[in-house]
Amino acid sequence: MLLERLREEVLEANLELVRRGLVLYTFGNASGIDRERGLVAIKPSGVAYEKLTPAEMVITDLAGAIVEGSLRPSSDLPTHLALYRNFPGIGAVAHTHSEFATSWAQAGKPVPCLGTTHADYFHGPVPVTDHLSCAEIDAGYEEQTGAVICRAFENLDPNEIPAVLVRGHGPFCWGRDPAAAAHNAVILEAVARMAYYTVTLAHDVEPLPSALHEKHFLRKHGTTAYYGQVSEKK
Amino acid sequence: MLLERLREEVLEANLELVRRGLVLYTFGNASGIDRERGLVAIKPSGVAYEKLTPAEMVITDLAGAIVEGSLRPSSDLPTHLALYRNFPGIGAVAHTHSEFATSWAQAGKPVPCLGTTHADYFHGPVPVTDHLSCAEIDAGYEEQTGAVICRAFENLDPNEIPAVLVRGHGPFCWGRDPAAAAHNAVILEAVARMAYYTVTLAHDVEPLPSALHEKHFLRKHGTTAYYGQVSEKK
Amino acid sequence: MLLERLREEVLEANLELVRRGLVLYTFGNASGIDRERGLVAIKPSGVAYEKLTPAEMVITDLAGAIVEGSLRPSSDLPTHLALYRNFPGIGAVAHTHSEFATSWAQAGKPVPCLGTTHADYFHGPVPVTDHLSCAEIDAGYEEQTGAVICRAFENLDPNEIPAVLVRGHGPFCWGRDPAAAAHNAVILEAVARMAYYTVTLAHDVEPLPSALHEKHFLRKHGTTAYYGQVSEKK
Amino acid sequence: MLLERLREEVLEANLELVRRGLVLYTFGNASGIDRERGLVAIKPSGVAYEKLTPAEMVITDLAGAIVEGSLRPSSDLPTHLALYRNFPGIGAVAHTHSEFATSWAQAGKPVPCLGTTHADYFHGPVPVTDHLSCAEIDAGYEEQTGAVICRAFENLDPNEIPAVLVRGHGPFCWGRDPAAAAHNAVILEAVARMAYYTVTLAHDVEPLPSALHEKHFLRKHGTTAYYGQVSEKK
């Protein structure tokens, strides 16, 4: 069986989304990619999490053709593939309908950077995409969802802002591996929740000063980072 | 004992409402119908969930006469029966006082469709009924509650919008079987919660564009659905 | 040892407040009264719940003199005693700092009756007291808290509205026995939470029409009640 | 191994923050000081809580030099040390990103004293610091965070208000020992949550009258306190 380890990591990331309360029933999906082989492992569509096994993860190529697996892949697969093709630095994608990130997506507003928790993970606001046009919906809804995400990152670095809100839908997050993508989904929800409380408490709140934003992002990321232990530098 | 399996399904649906945090103490009730025999199984009134057994489910006919069972049926039985008589496509009903759906009902507002989570399940806003008049309350409160729900669906299809908010009271949901009715009650609560956060975040938020609403509803329902595995097509 | 059973019921009511998430650390306290002997059992002050035993419940008379027990009673004892002396129909009192009921108390607003969940338990809004004056605070803070509660019920029946918000402090609830007092504290918190969501969703929301309020209250209480099983009529 | 008992208390305080839902992943940190030896025990940076052992707590002197331990200390160590140097009455510090306290910090607003729960623990509003200037960030971010906290207490007594909000970041709390610092962090979050609900419910709410604030603070603290049992007087 191909990609034994990737399957396990993808399953584990899917289960982490459940454990952290980010998915309800079968909502949400995580995938991972083996960049050398150009193969993706993704959760099957609509199967209950408690029964999932690594062997049920579906393996596809970057065009979406099923290489291994007897179940249908998640219906959001084309969105994941578009992200893998356009963001070469990422190794995994996680999608949820987590309640606060989704509420910002439904409101059509980016999650503003209001504190250092946000700045530790996201180098700027988490953007929200445009709505898809009717033509885009007809042209392949899930793939066009990937395209509209990529448009939102035309002037942004997906390695420094590992998440997006698809307008009216919910968040897609990513990372270097499935655990990191799931981790970013958990952090985004926490950050979105606190941003909700903050703006309903102070309607005219200012974003975090940029010097503080830079300081916190660089304390955890890049060559001068000094958060955590040496061995786990990211 | 009649309807062995239906009793078990009805009990299980009632317990699912508890597990998902939708009911407090003995609030809430779920029922199911055997259309061929015209018999309904429903939770007894005011009995603690942890002690319920399938045998305690009360069996009545569509006029509310008890056919089997030594306990009183849920006091909302006449509402369930009115729904079964008027919505021939449904096989089960679930009623809760879940906190966000109930808050929309108390506010007297339908739950607007603000995102794809809603669109996946409800083909339009979840409507809210009128208040019952004094005359209606006196004419048989629970039965008239059923009547006021039916009036709210005069121009709506209950198979496409499997839930309603009874104004000042709380949600009634339904489905093809008890599991589906309970599932819809869980989804309604999640959707109502996110709609609350969304409208308090963006007071002038627009509903989801209808093309996107259609796309998501039809992705999961109807002849062209492609969500989930083939065997579980609904 | 006196009042074996009452001690157990009082301990159990205190633990129910913990299980339902209504108290943090040692906040909150429940008591019960034996009307024939004029003796009250109450939780000791500031002792961790997980270690409490029935024998540690403190027994006092209606003037607050300790009759049995080696620990100090809850510092709110004089408030409980004032309620027992003034509300002859009650058999137990429960006090918490549960978050939504306390927030209404802090806002200085009664919990309005916005739905049938409220109407099932409280025959009108849950009132909020006045603030204590400096003179009252000096004259015996906890006893005067009891007095200010009684003033709030000058024109209300404590048997029909088994709860009050002490302004800037939190809720006191009561019932015919310790289990009922704790039950009412749980319901009040649920009702206060939904009222919060409702008024933040619809600032101009109207109270439940009084005909509906009457219907629901009388469906569960009084001689014509028909909710629940016959044996458990209240 | 130095300071056996302090290490255990510090670990236990860190775990209490996790159990109470105040930290996500490796966020947050607690430390304690041995005033006689001038040595501090603190959680290592970025290590998962479930694996922590007392031996992994890092021991430093008041200048931040590591005296014992093979792991890096929490990156917030210099903030803790500044508090120990400037607040001689405290024995421990706890820092979290708990959601409501952090939201007030993000909003740039002190937590107002709106009720007796607050008054029981904090003798006035919980202050919020200024933002750090660019020069301060460059001069040693974590140490300057300590300095900006001390400035916020120029006219306040840290023994009577054992918490602060660092603007745009989150709360730092303290106490006579690690358990008390963690306890205060838990209470601050509860108080911040209820203050959020209160001000969103009543935008023009008045602070608790000062006589009531004094009464509650002095009921639990100081020479005339009468809350709790005699042996546990604080």
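Lettered A, B, C and D in written order, each chain numbered from 1.
To be clear about the criterion, a contact is a pair of C-beta atoms (placed from the backbone, for glycine too) under 8 Å apart; a residue touches a chain by one contact, two chains touch by 3 or more.
Predicted, not measured: the structure shown is a model, and the values here were computed from it.
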Name the chain whose C-alpha centroid is farthest from the C-alpha centroid of chain B. D
Cα superposition angle of chain A on its copy chain D, in degrees to the nearest 5: 90
Distance from the mean Cα position of chain B to that of chain A, given in whole angstrom: 33
Chain centre separation (chain B, chain D; CA means) in Å: 47
So chain B residues touching two or more other chains come to 200
Testing understanding: with touching defined as stated, what is the shape of the graph linking the protein chains, line, ring, star, complete or other? ring
Parts of chain C lying in touch with chain B, wherever the complex brings them together: 114-117, 183, 186-187, 190, 193-195, 197-198, 200-202, 205-206, 208-209, 211-212, 215, 219, 226-230, 232
Interfacial residue positions of chain C with respect to chain D in the complex: 24-27, 44-47, 71-72, 75, 97, 99-100, 102-109, 131-132, 134, 137, 141, 168-170, 196, 199-200
